[in-house]
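Two complexes are shown next, each including chain A; its partner changes from chain B in the first to chain C in the second.
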Partner chain A sequence: MEISSDLIIIGTAVLVAANCASIGVFLVLRKMAMMSDAISHSVLLGIVIAVFAVGGREPVAVIVGGVLSGILTISLVELLYRSGKLKQDSSIGIIFPFLFAIGVILVTQAGNVHIDVEHVLYGSIEFAPFDTLYLDELNIGSKSMWVLGILAIANVSFIVILYKELKISTFDKSLALSAGLMPLLVHYLLMIMVATTAVVAFESVGAILVIAFFIVPASAAFLLTDRLSRMLIISVSLGIISAVIGYLFAIFADVSISGSMATITGIIFGLVWIFGPNRGLVSRWRRISKQRFEVDLVIVLTHIHKELGSDRQVSTSSMSNSLGWTKEYSKKLSEFIQEQKFVEKNTQGNFTLTNIGLKKVENYSN
Partner chain B sequence: MEQKSSKKNSESEKEYSVIIKNLSVTYRTEPALWNIDLNFPKGQMIAIVGPNGAGKSTLIKAVMGLVPITAGKVSIFGKTYSKNRDKVAYVPQRGSVDWDFPTDALDVVEMGLYGKLGWFRRPNSKTRNLARECLDKVGLSNYADRQIGQLSGGQQQRVFLARALAQDAQIYLMDEPLNGVDVITEKTILSILENLKKEGKTIVMVHHELQTVDKYFDWVVMVNRNLIANGPIKEVFTKINLDRTYQEKQRMSI
Partner chain C sequence: MKKPILVGTIVIVAILIGISAIFVQNNDDAKINHIESPDSYSEKIAITTTTNVITDLVENIGGDHVSVTGLMGPGVDPHLYRPSASDVKSLQNADIIFYNGLDLEGKMGDIFVKIGREGTSVLAVSENIPPESLLILDANGNFDPHIWWDVELWTEAAKVVATGLKEYDPNNSENYEKNLLEYLNQLDSLNSNNLNKINSIPSEQRVLVTAHDAFQYFGHTYGFEELAIQGWSTDSEAGIKEIQNLADEISKRKIKALFVETSISPATIEALKAAVQDKGHDIVIGGELFSDAIGEKGTAEGTYIGAFTHNIDTIVKALK
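Coming up: the complex of A and B.
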């Protein structure tokens, strides 16, 4: 099998992105983003112990070790915050640096085993093409692609088969519990998938990019859609786009591939947050100012109605005085209400309400 | 009307949908409910009243095993909850879920059918149609594909009721469904419950508005950690019982 090394690196990154961004949707919706941070660091401990135990980087042992330490992290965090006054975020902040630090100590003691802290944080996706898998001495291609590909199948099957159970236990745990759909079991299964994904992805791209891919695309997707199924698809797509653009940028600017990809996820999120069609900053700001204008419009019409009722006249300048608005804004509004035929101006420059205007006032006061 | 105490066990099962015996629930060392003996009669509108922190929500949660029971037993039509869970529908407080969740009204109603579907089986056109019917019953068929956060509070409460209707249960346990809702929602919910009652179903509602208790309900359960009173409105919804229920601190009867 001859695949160019560029393609292997991009393929590896795309698979990491897809794996993390799909599972990440449930982390975001369950407000457990910090948990992925914890797991993706503390897996180091399990990986190191596994490497010591079997005397090398045996993939299966590494995954098992990582998953076990992931589960240990979750259990210890829950033990802490259920037993005392600590909140979940503090519990996470206590447990994972502790486990991670033990892992770091063990790594530095392991002169003969090939792992280092740098690798742990930033990964070494650059070397993905050189780590090949052999079957009966036959080179069957990149190891990372194989492992991540199998993981992708596992993750997709997990989400597809348990879609309904994941959805109900995420949205309404008590309904899931009362319906006998065991939300706690679903929770732990999800955490096992998170830990497995974290270990496998972590091997290729390091802890930081794992967290970025878990949380950022899913959060951006959350801002872009109102449907869970679409959120999954958008999250995965954004993850893949970030991986590809990130790689191209890294090659172009000759910078760290992981760093570049993580940066792109952040930039994409920022763009969505500002320009997103419904929940983006710009459209929200537009909507608010439109609503504000709509309210002000009714205030003006009601004001005119009231003043006319007590035989007083309203002009653009008296309007700005009595309502406390700037002259420019009053002018803008009075032009608008004439355009919309809510009012007419008489010869003295004072307003009279039209029937349409009167109707608008009455609609609002009812 | 007869009081349950005069009945024997076998007879009471015919008359009562839920039988609660010696129920105590404690949070750590703090008792939330203390030694409650209580039966819910079939085909009645039952209000649970009591001050804040009296254990009203805990009581209906304990019936479904949503909170761990410290002592005592609950039976639903003579069996444990886990054997008869399909006979109970639950309407939680509106604040118990995240309304920003990416889902629409119809989908939430359909979730009421997930329990019947069981593990792994996927919702289908049948469940979808059933959900649609239930949404129609609460007057929200035009809002089926609206994201749930964009519904008003009253509409959200009606979505929850529609979800309970989809469960097609015998007992409806509802946690303050009339709290802070608009007039249309209140009327809709009450008329639907009235119909359920006519079908012989049991409706148990945590209710906070004392002035509407005798108007809406047949039966009242007055609770303040201990059971203060339990029976037909006319007999037990009295000033003395209200005073005992709402007095500042209810001492535990240990």
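Coming up: the complex of A and C.
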């Protein structure tokens, strides 16, 4: 029964990744990424009511209250959004402070009842190894592993069984409607999964890790692929990578484990954003400078052709003067056009167009 | 272009899991080696505590026989405590865990109970205090956990610590008993010193205005009325009306000073001060009181007795 605490913490984080980073893909694609953050606040209302109802912080009541207020949040957001007057982000931004505020009022109205989400609902992944589950006095291992494992099975089967419906209703609602795939029902089922996943995961590992794993790996995956199936796999993989690196870093620097894991998701996103193939900053910058170079090539050849036609000479330095380029760039371009045998340099350092060069210019001017 | 990304990601995941497995393995090996070759360090009882008030108590009673690791340092509000990676290890390797109880540690308290079921000895220092000595905290009937600001209740906590140590390490039980008696003497003289100092405050000035009500027991023992802006929970912010009402009362009763706490932002108290001054009553901030945590180790306020003395002196100086 003795499993090392390191393995339980990493295993718990891997399960959080499997749950949140998979479902999170649909949130990101449906432009509802902030939903998990919204739920992390609006749960207060459900928790307050649950604590009043049972007279204490019973974990089951608290989770049920939390899930119900999560579903309420989502339904109200949906109602506002479907009215067609507001976008998703504003709808989310209106609903969750409203519900949270009602929760705050209830807390103060009841006179100093000590309820706060940190104290009553949020767990911490650091304690996962100690939070054991008992079955008839028998220790059956880490509670968070069990709970999140069952949740992961539910989430994965939800995605697998309703894959086609989820996919079509995410990308083309009217097609889903006309194909009889009931996009609204699918949407509500998805949102119920989101609310349940968020609240149950909050209870196991705390808010910051869950919110990060819902949004960040899915957004990074969004930058890496266009296919839903790949996006799901990449998102979960990035979540797992963040969990493992984050854990090692937390041990190394002796800091909060969930904080460290969440930070690593951000760093990985940053790396993807900068260095990602196709959509990364670097490859976009490369593509742009390649395009610019091609355009400048045409400009310089046309320039030489025109100048020669009016009996003027063109050298590397006259090029940079009349075209307004730096000396280095002119030199680079003139070396390139010589290499490509578009031009030849005579003994005075002036250019003459070769036949290949002439052909190229004529090609462009047509 | 896309296949390699997918394959690459999977390979990286596999490598990382491999690395962490090796890492975890080594870690466990190291632990076993440590147990097999006991050095002077491992002869001490490894004790983990939550707040630094409890850390100080255990160090006083355990003396040289214990090595205490406190999870919460000075200036930490137990509500806002976030465990770090090494906290996990210190809980795992602890021979005894002492925590406050009465829900001060929130969900963490449930975790301690579970660790206790697995064989580690886990004791809430508040466990032997009879309910009739406890004060009610809120409308739900929960008890106020800030028992250390009543010296007599803290005496009970000291006895729990001594009993726990004696049970774990019967060979040194005489030693713990001796330390306990010595410490109880010190607590006694702390209490009588406190009472002497408090007597110099006129009774109508015995009002303690703070940001959150951590001083119920203090007020109960030394005859102070407590006016707190914020409830016990750190989440609920003070309402405007609440601050205005409090400001009215303070200026009506001509209370001389307000107090800030080391583990809570002074912003609300500053706001209250401004509200009172608006009503034409001149009021000062009397100083900083230790509430949920005591001071930095090694300083005069780094012990329970030192921190309590600091609080009393600060209050007496401001309200006298």
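Points to keep in mind about this one:
Here is the rule we go by: the second predicted complex is superposed on the first by the 299 of 366 C-alpha atoms of A that agree within 3 Å, B and C clash if a C-alpha of one lies under 4 Å from a C-alpha of the other, contacts with A are read in each partner's own complex, and residues count from 1 in each chain.
The rule is short, and it goes like this: a residue touches a chain if its C-beta (ideal position, glycine included) is under 8 Å from a C-beta of that chain, and two chains touch if they have at least 3 such contacts.
Note that this is a predicted model, so its numbers are computed, not measured.
Once the two complexes are overlaid on the shared chain, A:Y364 sits clear of chain B and of chain C alike. In the superposed model, A:T225 lies in contact with both chain B and chain C.
Residue contacts after overlaying the shared chain place A:G56 against chain C, while chain B stays out of touching range.
When the two complexes are overlaid on their common chain A, residue A:E126 makes contact with chain C while staying clear of chain B. The partner that reaches more residues of chain A, of the two candidates chain B and chain C, is C.
In the superposed model, A:I168 makes contact with chain B only, not with chain C. Contacts of A:L7 after superposition: chain C is touched, whereas chain B is not reached.
On chain A, the surface touched by chain B in one complex and the surface touched by chain C in the other have residues 225, 227, 230 in common. Residues of chain A that touch chain B in their complex: 29, 161-165, 167-168, 170-172, 174-181, 222, 225-228, 230-231.
Residue ranges of chain A in contact with chain C, taken from their complex: 4-7, 9-10, 44, 51, 55-56, 59, 104, 107-108, 110-120, 122-124, 126-127, 129-132, 134, 139, 224-225, 227, 230, 233-234, 237-238, 240-241, 244-245, 247-248, 250-251, 253-257, 259-260, 277-278. The part of chain B that touches chain A in the complex is made up of residues 61, 64-66, 82, 85, 88, 90, 92, 96-98, 101-104, 108, 111-112, 114-115, 117-123, 147, 163.
Contact residues on chain C toward chain A in their complex (touch as defined above): 1-2, 5-6, 9-10, 12-13, 16-17, 19-20, 23-24, 27-28, 79-80, 82-89, 91-92, 103, 106-108, 110-111, 114-115, 117-118, 137-140, 142, 213, 231-237, 239.
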